[in-house]
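Next, two complexes with subunit A in common: one pairs it with subunit B, the other with subunit C.
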Partner chain A sequence: MLELLGITAGYEPGAPVVRGASVTVAPGESVGLLGPSGCGKSTLARVAALLHRPDAGTVTIDGTRATGWRHRAPKARRTAIGVVFQQPRLAADPRLRLTDLIAEPLRAGGRRAEVTGRVGELARTVGLTDDLLGRRPHEVSDGQLQRACLARALVLRPRWLVCDEMTAMLDASTTAALVTVVEEYRRAEGAGLLAVGHDRVLLERWCDRTVRWTEIAEAV
Partner chain B sequence: MADTTTLTAPKAADDGARWRSRGRSRRSTRTVRAVTSAVIVAAVALAVLIVPPVAQLDQQAVDLALKLQPPSLDHPFGTDDVGRDLLLRCVYGLRVSLLVGLVAALVATVIGTAVGAAAAAFGGWTDRIVMRLVDTFSSVPHLLLGIFIVAMFRPGVWPVIVSVALTHWLSTARIVRSEVLSLRSRPYVDAAVSGGSSRWRITVRHLLPGVLPQAGLAAVLMVPHAMWHESALSFLGLGLPSHQASLGNLVQTARGSLLAGDWWPTLFPGLFLIVPTLAIAGLAGVWRERINPRRRSELML
Partner chain C sequence: MTTPEPPAPSPLSSPLLSVRGLGVRFRMRGGRHVAAVTDAGFDLAAGECLALVGESGCGKSVLASALLGLLPGNAQTTGSALLAARGPAGEVDLLTADERTLARTVRGRRVGLVPQSPAAHLTPVRTVRSQLAEVLRELTGVRGPALAKAVEAAAARTAYPSDHLDRYPHELSGGLAQRAATALALIGDAPLLLADEPTTGLDRELVDRTADELRRHTDDGRALLMITHDLAAAQRIADRVAVMYAGRIVELADADSFFGGDGPRHPYARGLLDALPEREFTAIPGTPPELGDLPDGCAFAARCPRATDICATLPVLTPGHGSSVACHHAEERVDA
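Let's look at the complex of A and B:
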């Protein structure tokens, strides 16, 4: 169970961008969160991924309440949640080749032995050729880079996925391909998904249920 | 006929639909600056590296019969008040000044990068305390602090290097800290945190490679600064021992003869200090334009 309860979060003291937001994702379930631009859904996604400490409210993952955020969260807890960000350009270190980008979480966890096998397997899954794997982020298109970012999010086999407007910048065919990859992964591993976005048609086709921002959060 | 050719020539170019910039037509002097600076820096490097071992001349050779000779073919820069050849003394002085400048800039950059990166990476109270310490240090004038450090040791090259290095890491620390703070808020750092990277790994793998161009630039700009600082200390008689040729010492000892109208013993060491440092700063300026083209290059000495 990934449970966010009464989350109030913001970037400056006294001026929250999210107030009293609550979402629950059951294991294996996919939840779409719909909201207009600038309403704070990305902030909520960051809180859910333990990347931003909320001012109030609780995050419960698999029955344990999260007490630390970012580096203060235990490594196992952080890596249990895979995150895909909206802008692949900003979410990829410009100095790393795509192979290293995908392998980085494995290396950080001291699992170098698995790098070759796992990266090759994931590259096939998300549709990246060997030629693309050897390039740096500025040498590939946004769609190809987002495929690599999705592969990086899946490389540690997270139990939860948070997709923060994963397909907002991509064309229809790449969107379909990425959604298929996520769905195949979820079927294989039984992972839960929190998909954040403003595309109602996509989220309603993709997710088991969709919630609207106005239903889960108080007006700021 | 001449009129028709001049009129048709641009028309032919238009027909080819050649793209033409509508921007400023004035050409930048960047190439000229870069080439000039590079040539001067190369000449200086060759001079200080090759002249002392190849020429085998004694820079301390005293010849009182030839004291205070104006520039001539035998002595292109003239001689000083005890008849030593000024060109040779200047090359030796530049050698010492460059050594001090390079080593001190390197040490200062390493200290500055380490402190700045640590302050930004840890954040919170560590950051506040460290940066207030940096502010405190930089509120004391560099030269005063440098004199204080030099005064604790016997005169020589190394105390000067230590003094210059310990007073010059502050600006690098500030630059590196602000760069790291800006890099730290990028989503790819979030992605690394989510992937289980430790603070140390993020600093070494993502943040430091990102600030190295800026830190390198700060290091190169530090070399002229350190050379000037060394010369200032020597000029005040606190740096190198006065018999050892250094640009500051040369100017200092020649001060007396300047009053008597002998201009060459002060002019040439002064030029040897100013021209190479400007050349180094010019190269750094070109580099800065390359890594950050949107900001116009300015010399920060």
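Let's look at the complex of A and C:
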């Protein structure tokens, strides 16, 4: 289970952007979290991905309560969760070629031997050609870069995926393509998904169930 | 009995904007050229909304920049984009007019731009009131006590709340920032509005509201060219739809038949529509070709389920069956 319980979080003391938010994802389940922009759902997504320490509340992953965030999160815990953000340009190191962007989590984890095989396999899955893999972020489109960011999120075979407005900048066909990649991965690996977004039609089509922000969080 | 092929849907009145054979090439390092837009053509009349749709990188934003005279220095244009004479203002070709003419008489006055990211378009260090006032002074010459009134009136046109006029852009929600930017675009009473991805990043509810507002300004007698990858927004307000792929318009159709019963006739347009989560939610296989490395024939061939040998020759945009399509195997349709 991925469990967020009573999460309160923000960026300045005394000014939370999320208050008392709780949501649970069962293994292999996909949950859509629907909310308007600016409601704090992206912050909750960052907490779920162990990238932002909450001021209150608990995150429990597969029965173990998280105690460290960002680089202080134990490696095994961090690698259990893959995350994709809305804006690939802000998420991707502009100096890295796409192939290195995808491989980076493997290299950081000392698993260099797997790089060639895994990157090639994922590039095919997300539809990136060799030519595109050799380019840097400014040389590809938003859609192509987001494909690379999704491949990177999957490279360590996470049991959980957090997608924060993954397709908000993308056209209809690229959206359908990336959602298909996520769903095929989940079917193969039995991974659970928390998909955060503002598009009701999309989330209801994509996820097993969809919850509204106002149902799972208190007003701030 | 045979009747002659009906012409492609075209505006009833004479067009306000008439684009013919529009091409934009960029000169790259090493003398290479990239054709971002090739042979685009369409008419747009007052009171009409044309949605130009396509994936990012298909050339639709370059086309918009060309119409505003805002292309970078390494761009070369061909063709024409005639903005019809209106009152004392004579006909002008937006592609060949010099920068001075464009800056003084066209941008803001004859062509209003509703920008892609309003928050970025507004000046961050100045309140909405002062930005409206400046543009009003510049475009209408209004001064003194009348100016304060004019600011309120300009804000009211897009239902921007007057008690928020003294806010700075960063204090505005996405929806209010969009309204402020649209209010600025409307000040010069430009007969042609150009909206570049006006709904990107907005919530669906706000998308609908922004689109409806743009439609209202169209119904007031303006011509609206909306550039968007948001098919839902296009469906909501467009009279006609132009689909771009790899720099070319591949289908130009009546919005009702495009989104409604008959559907698109070009395989790419069909695929794009089928990708919507409210429809099939299936992606078009593959990705668009590089604009610098286009095939000789149909640029969609590598991804197209209908491709045959003849697709190695370039299909031209051909009127018929209620829409113009550039495809050797376009969907046939019985005309009503």
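What we mean here is this: the second predicted complex is superposed on the first by the 220 of 220 C-alpha atoms of A that agree within 3 Å, B and C clash if a C-alpha of one lies under 4 Å from a C-alpha of the other, contacts with A are read in each partner's own complex, and residues count from 1 in each chain.
What we mean here is this: a residue touches a chain if its C-beta (ideal position, glycine included) is under 8 Å from a C-beta of that chain, and two chains touch if they have at least 3 such contacts.
No experiment lies behind these values; they were computed from the predicted model shown.
Novice: Given the touch rule stated above, what does A:Gly82 touch, subunit B (first), subunit C (second), both, or neither?
Specialist: first
Novice: Once the shared chain is lined up, is A:Arg46 touching subunit B (first), subunit C (second), both, or neither of them?
Specialist: first
Novice: Going by the contact rule set out at the top, does A:Ala108 touch subunit B (first), subunit C (second), both, or neither?
Specialist: First partner only.
Novice: Tell me the contact category for A:Ala217 with respect to subunit B and subunit C: first, second, both or neither.
Specialist: Neither partner.
Novice: Which partner does A:Arg95 contact after superposing on A: first (subunit B), second (subunit C), both, neither?
Specialist: Once the two structures are laid over each other on A, A:Arg95 reaches subunit B alone.
Novice: I'd like to know which partner A:Arg152 touches here: subunit B for first, subunit C for second, both or neither.
Specialist: first
Novice: State the interface residues of subunit A toward subunit B in the complex, per the touch definition above.
Specialist: 46, 49-51, 70-71, 75, 78-79, 81-83, 85, 87, 90-93, 95, 104-105, 108-109, 149, 152-153, 155-156
Novice: Touching residues of subunit C toward subunit A in the complex: what are they?
Specialist: Contacts found on subunit C: 54-57, 173-174, 200-205, 229, 231, 271-273, 275-278, 281-284, 286-287.
Novice: Where on subunit B does subunit A make contact in their complex?
Specialist: For subunit B paired with subunit A, touching residues are 186-188, 190-199, 201, 205-206, 209-210.
Novice: For subunit A, which residues count as touching subunit C in their complex?
Specialist: 36-38, 127, 129, 141-144, 168-177, 179-180, 198-202, 204-206
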